[in-house]
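Input: structures, listed below.
Next come two complexes built around subunit A: one with subunit B, the other with subunit C.
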Partner chain A sequence: MRGGRLIGLHLGLVAVLFALNFVLPAYSHGTVARVMVLATYAMGYNILFGYTGLLSLGHAMFFAAGMYGLAMPMTHLGLGAGPALLTGIGSAAVLSLGVGLLALRTRGVAFMIVTLMFSQAAWLTILLAGRWTRGDEGVVIPQADRMLLGLDLSDPSTRYLAALALFSAVLFGTLWLVRQPIGRVLVAIRENEDRAELLGYDTFRHKLGAVVLSGTVSGAAGAAYGLFFGYAGASFAETHYSIFPLLWVLLGGAGTVIGPFLGTLFMFYLIDLTSGLTPAYMLVAGVALVLLTLFAPQGLAGEIRRRWWRGLP
Partner chain B sequence: MSALLSTRALSRSFGGLRAVHEVDLDLGPGEVRALIGPNGAGKTTFVSMLIGRVAPSSGRVLFDGQDITRRPAHARVRLGLAYTFQITSVFARLPVAENVALAARRRLGRDRAAVAAEVARTLGRVGLTGREKIAAADLSYGHQRLLELAMGLAQAPRLLILDEPTQGLSEPEIETFKALVRTLAGETAILLIEHNMGVVMELADRITVLDAGVVLAEGAPAAIRADARVQAAYLGTAADA
Partner chain C sequence: MPVTKTDAGPRSPARRSAIKTLAAAAAGTASLPLWARYAGAQSAAPIRIGFQMHATGIGAAYGRWYDRTTRAALRLINEAGGINGRPVELVTEDDGTDPKRGAEVVEKFASLHRCDVGYGTLFSHVVMGSAPRAGELKLPYFVVSEGHHVASGALNRWTLQPGITDVKSQVLAMAPFVRENLGRKVTMIFPDYAFGHDHRDFFSQAIEAQGGEVVAKLAIPPTETSFTKYFAKIPRETEVIYHVMVGPSVLTFVKEMGEFFGPSRPEIFGFIDSLESVDLQSPGLDFLEGTYFWEGMPRYVQPDQTEFDRHYRAAIGIDENGALAADPSDVSAYAHMFGCWETLYVIKAGMEACGYRGPDDRAALVEAVEAMTEMPLSNDHPQGAKLFNGRTHQVFGPQYISKVENGRLVVQAETPIEAGFYPDEVDYTTQSL
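After this line comes the complex of A and B, so read on.
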């Protein structure tokens, strides 16, 4: 496969996003920063759903594990932002390992239900631990604490560039992964798990690795979201935060590297534009989603791959 | 001769049905063994227990002196067993070359040049050169069978289990298949489930006949052909067909 063209495409996206930092009006500037962090979450989800073929309905727990794994030690132990990012990512890694070991005993619909139940349990835990988490109300991370490597993350431009750095790292990490032998095995498991096992691949271990990687990236996005926007709340652990990445990935193109970003951006602007036009904006957004599912069932990037660029990973 | 693969009293029941019952089998290194028997005799169930797709109800499987009865399928493949499915099971949406590359890569690792060379060589051996880029699903049925075979070969196994490899192949493709098995003879042991008696008689060193889950007879092709019980159970009907 022509690696140069691929890297060019993804570098081009990063370059455009970088340039936008200097030209976007304040409102869009904030939105795109948010989209980049949430697209990172979607890319994490896509590793499991798009590439490995495992549909989780509980990824909000990993996002929230990152967010609370960061916010709790910052709030209660006075941990600095840098170490707190690591505790956030570590929490998500540990949680995804535990959930993976248990949930991967099931397949298909059972896997969806088990991940959903675990995620519900995580959300309830956050509410029950209200003494520390302050439940639905959540905790605010004060501006003074949001300093990372001497950079003030409450400054919009710094925050934008930090979000871009995270987004780019995960974007290129995914691009690298899916072109590695191990990424090809994940795709093989998605396409025909029994066959992959009978080619000598330990499919359980590969799936477990995919859950942990996916959960950890999702947690990194959750930790970054908490740090960049200064807030951790229980609503991020609710079911709709498990459904969002699924929608974004489906819209943008499951099993494509660039799809999660396109899907997240598209959804954000769709809701943004329609909510400005009509109070029935969710209806308009819903209709647009249905149309896209009907006419581009592979998602935006999936459609590009089908029509013009067969080798797009 | 010390056996490469042995089974001891290997059995599997489905509910009350004894699909395979106390089968003892010894297969030498490099041997080509045909496993024949009427429909429902338990052939697929038997080989599925060898590779680890189906758990035995009782009995043991030994490979190269090790008891592998409880090992997962992927671990058995790593020891040198390979299996091609009776019902074609390829990566339908992936390109033909990637199907074979997945088989080769587990052995050859991340050496892209070696994998590419192995893919080209294997596709050449089964006669699928020129079709590398199309999706496996877009191959004809016979070509998908050949792709299955290529995926088996690309693993360079010590024992290749082929479950009805010639089903759906044209006459010239069957000729290619027979020539291919002859090139493997001596280096790779083959356990061949096959309904086509011409193929069996030409290729097999020995034949095991399974009927209703038990071994009915075992021996050299000529002896099996002459065996009256075998003719009654199987060959008679097959010869008429």
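After this line comes the complex of A and C, so read on.
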């Protein structure tokens, strides 16, 4: 029964998003498509931070690995969008495995610093490989090349539904994961890693799996972003794109499946609306974030779980 | 070098007569009160120009001056009767000098604000991130970037750069002066990202074509804060240092270069991009005395100042030193911001040529601008006469080479338009609208 309610909640969200495809005005339609891709990035981040308790400051490198893993073969090898999507996801998977193997030799603050440094190195690599990446300027993925399975991803409705498909797959994948024994182990590591180890779990392997899964999902979001919006640029590998998913997850509710979407949506509209009211919109956004942290420290979905629905995953 | 001032009108007789008529009408209506000027228009609804402004982020210093220039030009356009008898309204959105936000802002212009055009983007990565969305949304997107991205064919038919020359053209025009007046053996110092790579590649080819030689290429990583170790790599045979450093570290760069060379330095040539909005009297910049700079438009009033430069400065409120008349410490981005002014007048001319009525005529506006060729030196084009290439969507114009004398930039040469020509790399008119 409880499982039915949970699945109903998440199915309901997907159904609402699907219905919105037909009723949203043009600007919001494009915005929600973008938010779904970015929320996918946040959900990837949440697997590592929200469920496993590992705070990474370098996830932009995984997002960018997916984006460039897609864009480079398309630009230089003429690869089609479908295979390029796979190379993008594969690039992020390989990078996250390598980074995980090295970074997980550290803990706590050291893990944050190591991931930050790896991410800086990835950003500089993109700049230094300017002959292929066009450095900070980036590359445009031509509209004619953005065809996937015969579908034109520059078409607003197709892009929206493709974004919804990606978002839904990761949403239900995360929901499934956290309800499996492996998901429980990740939460156990977050709560007390030593105790989890004492109980016989190989915490290193579980954490490595979480890094790879989190990095791969983030990379899938990066690849999708490049494909859907036609651009891959080095700015997506900069530090603030590692901070964004942290903010989205904290706002929406770390360790909740639905929270990353709420946080991404809230943050997007907070910036978008306040920027139309005042040039000091970042100040307004900052104050709003401080207030939320003070009065809803567990984020939006976290508050729902604390106040009304303790079983919310 | 000779100055090329083209006074021939546009090629199309129909367009020429249309513009003459409109000019006469504008002159007549300028004397009327504001409400009466727009009364004869089919629609009194304003034309909306979406201004993608770098209000925050790394481009903010430029953005502030692009904003002032834009507002001054639009004030004059509105005082003269607007466009097609309709007032022009500016819709400004901050893109944070970020390509992701830039794309979102373009979406906002097209879908939310119902702007007629998008306009004003400077930084190349923001242009690259935004242009695909402008193309998909079929929003004419007028950039003021000086990047080679438009003419390279990387973008789309909806993106145009009719108000400022591109870096490739600028560099090509500089090479003959450097070779003939400063030296043959050049060491290049440039930031290790796309902007610097463009200079490296284009100038290397151009100086070799002039019989010169680049003896060293020193790429400075973007995170660098100290430069002395790079100066040690400059070969002894160097006759000219070519630098294009940009960003907040430029003052350190110049100071350390002065400490390294002392009084015996090679000739030095740089792009003023490094020192836009920076007072040349700033402490540490005295080493630049006697060095040369490319300028898009001379910051300091020159003895042969044109009436058009006088008109342009007065409209924005800029003094003879290129600073805000009301605050001489507020130095302008004079070498670039004319591009905003001229682009707005191109939009105006394009809308008038095609009888623009609303967003349904956006494609006609693109075609009207593509049909433009010669743009005479005038109040609309105070930087100089220009030639627009409708196939590549890129304008070509004169460049200025100035020398720092007594802390002021004094023009030494003005290059002709043709000095910046290069073969077309794209024909956007073959793409559908």
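A few remarks follow.
Just so it is clear, the second predicted complex is superposed on the first by the 312 of 313 C-alpha atoms of A that agree within 3 Å, B and C clash if a C-alpha of one lies under 4 Å from a C-alpha of the other, contacts with A are read in each partner's own complex, and residues count from 1 in each chain.
Note that a residue touches a chain if its C-beta (ideal position, glycine included) is under 8 Å from a C-beta of that chain, and two chains touch if they have at least 3 such contacts.
Bear in mind the structure is a predicted one, so any value in this text is a computation, not a measurement.
Legend: residue contacts after superposition of the two complexes on their common chain; A:293 is shown touching neither subunit B nor subunit C. When both complexes are overlaid on chain A, the residue A:180 reaches subunit B alone and has no touch with subunit C. With both structures placed on the common chain, the touch criterion links A:200 to subunit B but leaves subunit C unconnected. Using the contact criterion defined above for the overlaid structures, shared-chain residue A:157 touches neither subunit B nor subunit C, since it reaches no partner. Once chain A of one complex is fitted onto chain A of the other, the partner contacts of A:278 are absent, as it touches neither subunit B nor subunit C. For subunit A, the partner touching the most residues, choosing from subunit B and subunit C, is C.
In the superposition on chain A, A:188 makes contact with subunit B only, while subunit C stays out of contact range.
When the two complexes are overlaid on their common chain A, residue A:106 makes contact with neither subunit B nor subunit C.
When the two complexes are superposed on chain A, none of the residues of subunit A touches both subunit B and subunit C. Residues 51, 53, 72-75, 77-78, 82-83, 85, 89-94, 98, 101-103, 105-107, 109-110, 151, 155 of subunit B are the ones touching subunit A in the complex.
Within the complex, the subunit C residues that touch subunit A are 55-56, 93-94, 98-100, 103-104, 107-108, 110-112, 124-125, 128-129, 131-133, 135-136, 147, 149, 154-156, 192-195, 197, 221-223.
Listed in rising order, the residues of subunit A touching subunit C in the complex are 25-27, 30-31, 34, 124, 127-128, 130-131, 134-141, 143, 154, 229-231, 233-236, 272, 275-276, 279, 281-282. Per the touch definition, subunit A reaches subunit B in the complex via residues 180-181, 184-185, 187-188, 191-192, 194-203.
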